[in-house]
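Each of the two complexes below includes subunit A, the first together with subunit B, the second together with subunit C.
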Partner chain A sequence: MTSTAAPAQVPRRRSLFGTASLHGGWRSAFWFLLPALVGFVAFYLYPALRGLYISFTDWNLIANQGSWVGTDNYERLFDDRQVWESLKITFKYTVINIASQTILAVIIAVLMDRLTKSVTIRGILLLPWLIPNVIVALLWVWMLDGNLGIVNDFLGLFGMDPVRFFTDTGKVIPSLAGINTWRHMGYTALLIFAGLQTIPRSLYEAAAVDGASERQMFRDITIPLLRPILALVLVITIVGSLQVFDTVFVATGGFGGQPGGPANASRVIYLYIYQNAFDFNQLGYAATISVLLVAILLTVTYLQLKLLRAGESDLA
Partner chain B sequence: MSKALWRLLAVLFACTLIAAACGGDDDADADAPAATEAPSDSDDMADEAVSIEYWLWDGNQQPYYEQCAADFEAANPGIDVEITQFGWGDYWTNVTAGFASGSGPDVFTDHLARYPEFVASGVLVPLNDFVDRDGVDTGAYFPGLAELWVDNNGNRYGLPKDFDTIALVMNAAHVADAGLSAADFAGAEWNPDDGGSFGELIRRLSVDANGNTGDSPDFDPDNVEVYGLGLEGNFGAFGQTTFSAFAASTGFEFLDVNPFGDSANYDDPRLAATIDWFARMIEAGYVVPIEDVESLGGTTVFQNGSAAVMADGSWKIGTYVGADTPFDVEFAPLPIGPSGSRASMFNGLADSINTNSEHQEEAWQWVKHMASAECQNVIGEGAVVFPAIPSAADIAIAAHQSNGVDVTAFTVHVDEGTTFLFPITDSASQIEAIVGPAMQEILRGQVEAAERLSQVSDEVNAVLGS
Partner chain C sequence: MTASAPGPAEVNAARASDEIADHAPSAARPQPSARLRKPRLGRAAAWTFMAAILVISVFPFWWALRTGLSTNGDLFAGEQSLLPVGYTDNNFERVLGTASEAEILESLGRENTGSFDFLQSLQVSVIVSTAVTIGQVAFSAMAAYAFARMRFRGRDKLFFLFLSGLMIPPIFTLIPNLILVKNLGWLNSYLGIIAPFFLMTPFAVFFLRQFFLGISREVEEAALLDGAGHFRTFFGIIVPMSAAPLATLSILTYITAWNEFLWPLVVARDPARQPLTVALGQFTAQQPGTSPDWSGLMAGTLLAALPIIVIFLAFGRKVVDSIGFSGIK
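Up next is the complex of A and B:
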């Protein structure tokens, strides 16, 4: 709880970049950082500022021009039912995806830590994450298809009716969330596994001596001490989850279907932004929705870091 | 604040300026040659060939356009045609990206659903002056095709290259098993109330897992092996291969004025009755559920043997008579509707010129060649699509016939004058995004057709009126 307070013996800062003796270090660091900085400015900062500017215009993508319309796009945003509907779908996806992915990842990480040291098994768990998103989506579209999919063949062996994973309005979001859980759980487990290595073994040994069960050790040692890592993992995965696009686009539109379908049941916010920019040719309005999404992501991240006290550890 | 921080900020600022300046330079470079180099191009033409980039999406047609290009290059030694093909989805992304970046192809295959938006963005070259100068006869094509490419201001943006119509494609084995033949469909009648004799036919063609046909009282709609009628895909807003033929056979029209109407008729009760008929037939197990065709597409379902009959477009004839379809097919015309005649959407493609093209004169020469009988005869011999010039279309029909394929089911609509034009508006993609999902809800039985379509109608007309 107290680890963030600066210890008294650290000298007062003379400049923003530390003491005079560190100044030379900063100078060489600058040259090392420069290539990344140029990339950051050219590919992130400049496009972001330009995006902000475009959100105040009626930019036409095909003609590649637009004129200033002030806050018209922002006013439209608040009246646009579709935006809020898309956000609802995105949040639904995020909740299902993050809950299943995090729970599975923690279980897998603890199993990797406590039960097996096999590098092969750890490698296999990471495999789905190494396959490109689009391939994963295509793979699952074929496997889960209502008529031709192997999964439904398998369910049929048990006398079950075919399940329409991607074309049933109520099942499409859980199906998409499930696919991405499958893809990401190994990677998330690896991050958590790394976090587990920071927990001193002596705590488990002491608990074992006291006669604690595996379950008790998990609840009272692992989870509390894992909190800072979990907070980081949650921030990364939630931000990623809120930006889901490729899986939805491919799985619902890959074979001539309507991306975001059926009946807009999987039209996540990124897809709505894409539609506005590239289908409806309204790049200005698409940029406005993107600005809203940035605001939401910043808020979610800030709240999470605050609530989960990510900078602090119980290991004091 | 330290010097270092100021230096950092200065560098950041400089980088931003450089990035902005580079963007500016690119624009200037792209504009300059168009204005200044054009005259010198014609001087150089004798010794250096001008390269024209041409894009199309149909890979099946590419070999025949390569042939056209070879003939064209032989007649015009100063012009070199480069043909690039992309799949339908990538095609439009690439065309749009080309426009946005100030590049793209000189000439590209254009679609009626897309060109009005391009016209509104000012990226297509009007062809009127070229057409007048060279005395191109726009009356040489099937009636109606040439007029589709003229906007409300009288500007022409394309010359027709081909046309397509819709007909029924039938799994010959399923039809024979039911004791039926293509002839039974030729005279079939349809109405949205009880489906008429056409509805009777698809009932007889439906078979459940226990071998009961759709006209048996024991037919189990939840356990269907073969659906009487397949669906090519999503209904979408215009249902080119799905509902449009049925709706139009009741007298329904999509727009108040076509092309470029300012209101649509989605609240027409005849449309609601048509869509409602499909929803009821899906419920009853005679029409393939929309859920089953949304994922891998209706063509896959048909080729899988799960549907006996399906409406589809003439551009797919090759798919059905080719090796991809593991059984024999026959074609039959669409049923006769309450209006007393059949109806098929009549769609046509054309070639348009990009305003970014630095060689618009040469691009025009290539467009003119593709719209000529010389090139369209080559396309006709390929028997992939029907060319826009009647004599070339006859060559295509004969080529199909010599392959043992009877395509009169598709051409009967043109011969009898029972076609209606593809609805042309400048907001097709927005209309699609409004109507498409609503159709999916109706066909799932989640909402009632008339009520949902009247909501849709208001939303569509708000877009068209704006």
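Up next is the complex of A and C:
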């Protein structure tokens, strides 16, 4: 190809770009788009449609085929108490994780904004987020170990009894949420920090001249103006949190344990889908649960983006 | 940079990442603003909190190193010193497969059960991450250029369709993709692990399109008028001008590929094709619950994180600066 589209001889044509010379039509664009288009169709579009189809079948990975079963899987979904239990666990995890991580991130971001713009400090804060989930999980499995973990020794300094972080059904979800708070708080703080830079300094200067305290400025300037960015950050982090998998799989699956333990107390929805697909060999049903998860994620995103739009006027 | 106040020169700091500088131009104005002369006590408390957060962020890495340099026997004795107990570097040798029988016994304290071939998995991780990065960045850049600069029927609709790919959670395409890869006969192969990430991701296309849209059109127009085709314009002008965002995207893509767990877990059941994340993730499951090989595990964990840490030390600033809203809005 490479034949250039007609140069500036057709200035009358309505153009998005103002000049006709940048037009190429599909003939030029085709080769630029081809690889990405193949990738998109093969690994996004086609599987998404096929996933929908599979959710109506009894697909079996060993035979690698399935037959149409109509809405059987969907009916089963509503009767399957384990799905709703998994969702409950996932929501519990998300609430704990997002609450702790967002609060810490806002504090870190505001302090950084006031104290320092050091790239080194921001780099250190970002480090946990760059490390693979698997490695993060392993580091904390060791530190939180019930017998030899350093954290229990630390708590012992304050006279606390050893905590069974991963083997107590009531503790395992908060433990996992804590691990991912550690991993994500710096990243989230940097996102919020970037948002803080969009707030005009003059507002703080003016408020300070008027004798406002730090707390008042935080409440009356920072929070309202940060709201749209906070909403965006929450969309990203909540959608991510609802899809937690790696950490749960590694942290609860070690040492002969069954991932999702103890007693399925940490079986989040992603893990339940995984188990259905690969442990129970019910890919059709696993796909059905995925459809439910997609619906939940889209709803959450939609609601939050509405919230975001509601907040936009504040920045005007 | 210390506690020195950022100067009022930054009052108009409208855009985030561009304004962030190591040294705030505080000398620009003689008088610090009133807000910045706040109580020393509050400032000290704030720094203390920040210091605590920083310590918490790095402590687990130190603890892993300290554990990796200890012998299992001494670990199980329960001593919690900040320094290694019963110092040894055998664990790292064990992970790398260069330890002798005697050294294994010394640092592990028992026969070696359940190990994995670290170097083999390292090789898989390097090959997969490198291939994914090169393919994904190159092909996404080409598509991003078409979306940013070319005009063709249905362009915006197609771009919107690409973007909607961002909304599809990976688990939804995992099962159909696995079936596809299985039908292609790519299970337990590099092709199978790499394929879904090789040609594009919606994020990469979106990220680069945003940048290309911001490049001044004049240079390209001149080239196009001179008779250069789109290919020459793209590779000769756009790519060199976009070195910085391309580098940033490459780093992020490499790290993401390195960290990938679920896809290789289901595609590569063969240990010879398992990247480090999968091999390490299953390592604990092979350990006896009564005396897991903590020191070996921590040595392996650190070694597996090392490439990421090295990349970060080398390109940290690019990564840090890329965290913002330019890629999202």
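Quick note on the criterion: the second predicted complex is superposed on the first by the 271 of 316 C-alpha atoms of A that agree within 3 Å, B and C clash if a C-alpha of one lies under 4 Å from a C-alpha of the other, contacts with A are read in each partner's own complex, and residues count from 1 in each chain.
Here is the rule we use: contacts are C-beta pairs under 8 Å (C-beta built on N, C-alpha and C of every residue); 3 or more make two chains touch, one makes a residue touch a chain.
This one's a predicted model, so the numbers in the text were calculated from it and none came from an experiment.
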Touched partner set for A:Trp68, first subunit B, second subunit C, both or neither: neither
Partner chain(s) touched by A:Tyr302 [first = subunit B, second = subunit C, both, neither]: neither
Which superposed partner A:Trp26 touches (first subunit B, second subunit C, both, neither): both
Partner chain(s) touched by A:Pro128 [first = subunit B, second = subunit C, both, neither]: second
Which of subunit B and subunit C A:Phe278 touches, first, second, both or neither: both
More subunit A residues in contact [subunit B versus subunit C]: C
Contacts of A:Trp84 with subunit B and subunit C, given as first, second, both or neither: neither
First, second, both or neither for A:Asn264, with subunit B first and subunit C second: first
Which of subunit B and subunit C A:Met143 touches, first, second, both or neither: second
First, second, both or neither for A:Ala42, with subunit B first and subunit C second: both
Footprint overlap on subunit A, where subunit B in one structure and subunit C in the other make contact: 15-17, 23, 26, 37-38, 42, 45-46, 61, 64, 141-142, 145, 148, 255-257, 278
Subunit C-touching residues of subunit A, taken from the complex the two chains share: 1-4, 7-8, 15-19, 21-26, 28-29, 31-33, 35-40, 42-48, 50-51, 54, 59, 61, 64, 104, 107-108, 111-112, 114-119, 121-128, 130-135, 137-143, 145, 148, 150, 153, 182, 185-187, 190-191, 193-195, 197-198, 200-202, 204-205, 207-209, 214, 217, 229, 232, 236, 239, 243, 245-246, 249-250, 253-257, 270, 273-274, 277-278, 283, 286-287, 290-291, 293-294, 297-298, 301
Of all residues in subunit A, those that touch subunit B in their complex: 15-17, 23, 26-27, 30, 34, 37-38, 41-42, 45-46, 49, 60-64, 141-142, 145-148, 161, 164, 166-169, 255-258, 261-264, 275, 278-281
Subunit C - residues contacting subunit A, complex: 1-3, 6, 8, 10-17, 19-22, 24, 33-35, 38, 42-43, 46-47, 49-50, 53-54, 56-58, 60-61, 63-64, 67, 75-76, 78, 80, 135, 139-140, 142-143, 145-146, 149-153, 155, 158, 161-162, 165, 167-180, 182-183, 195-196, 198-200, 202, 205, 217, 220-221, 224-225, 227-232, 234, 255, 258-259, 261-262, 266, 276-278, 280-281, 284-285, 287-289, 292, 294, 297-298, 301, 304-305, 308-309, 312, 316-317, 319-320, 323-325, 328
In the complex, subunit B residues that touch subunit A: 1-2, 4-5, 7-8, 11-12, 15-16, 19-20, 93, 96, 99-102, 117-118, 121-123, 222, 233-234, 236, 290-292, 294-297, 300-301, 304, 306, 429-430, 432-433, 436-438, 440-441, 444, 446
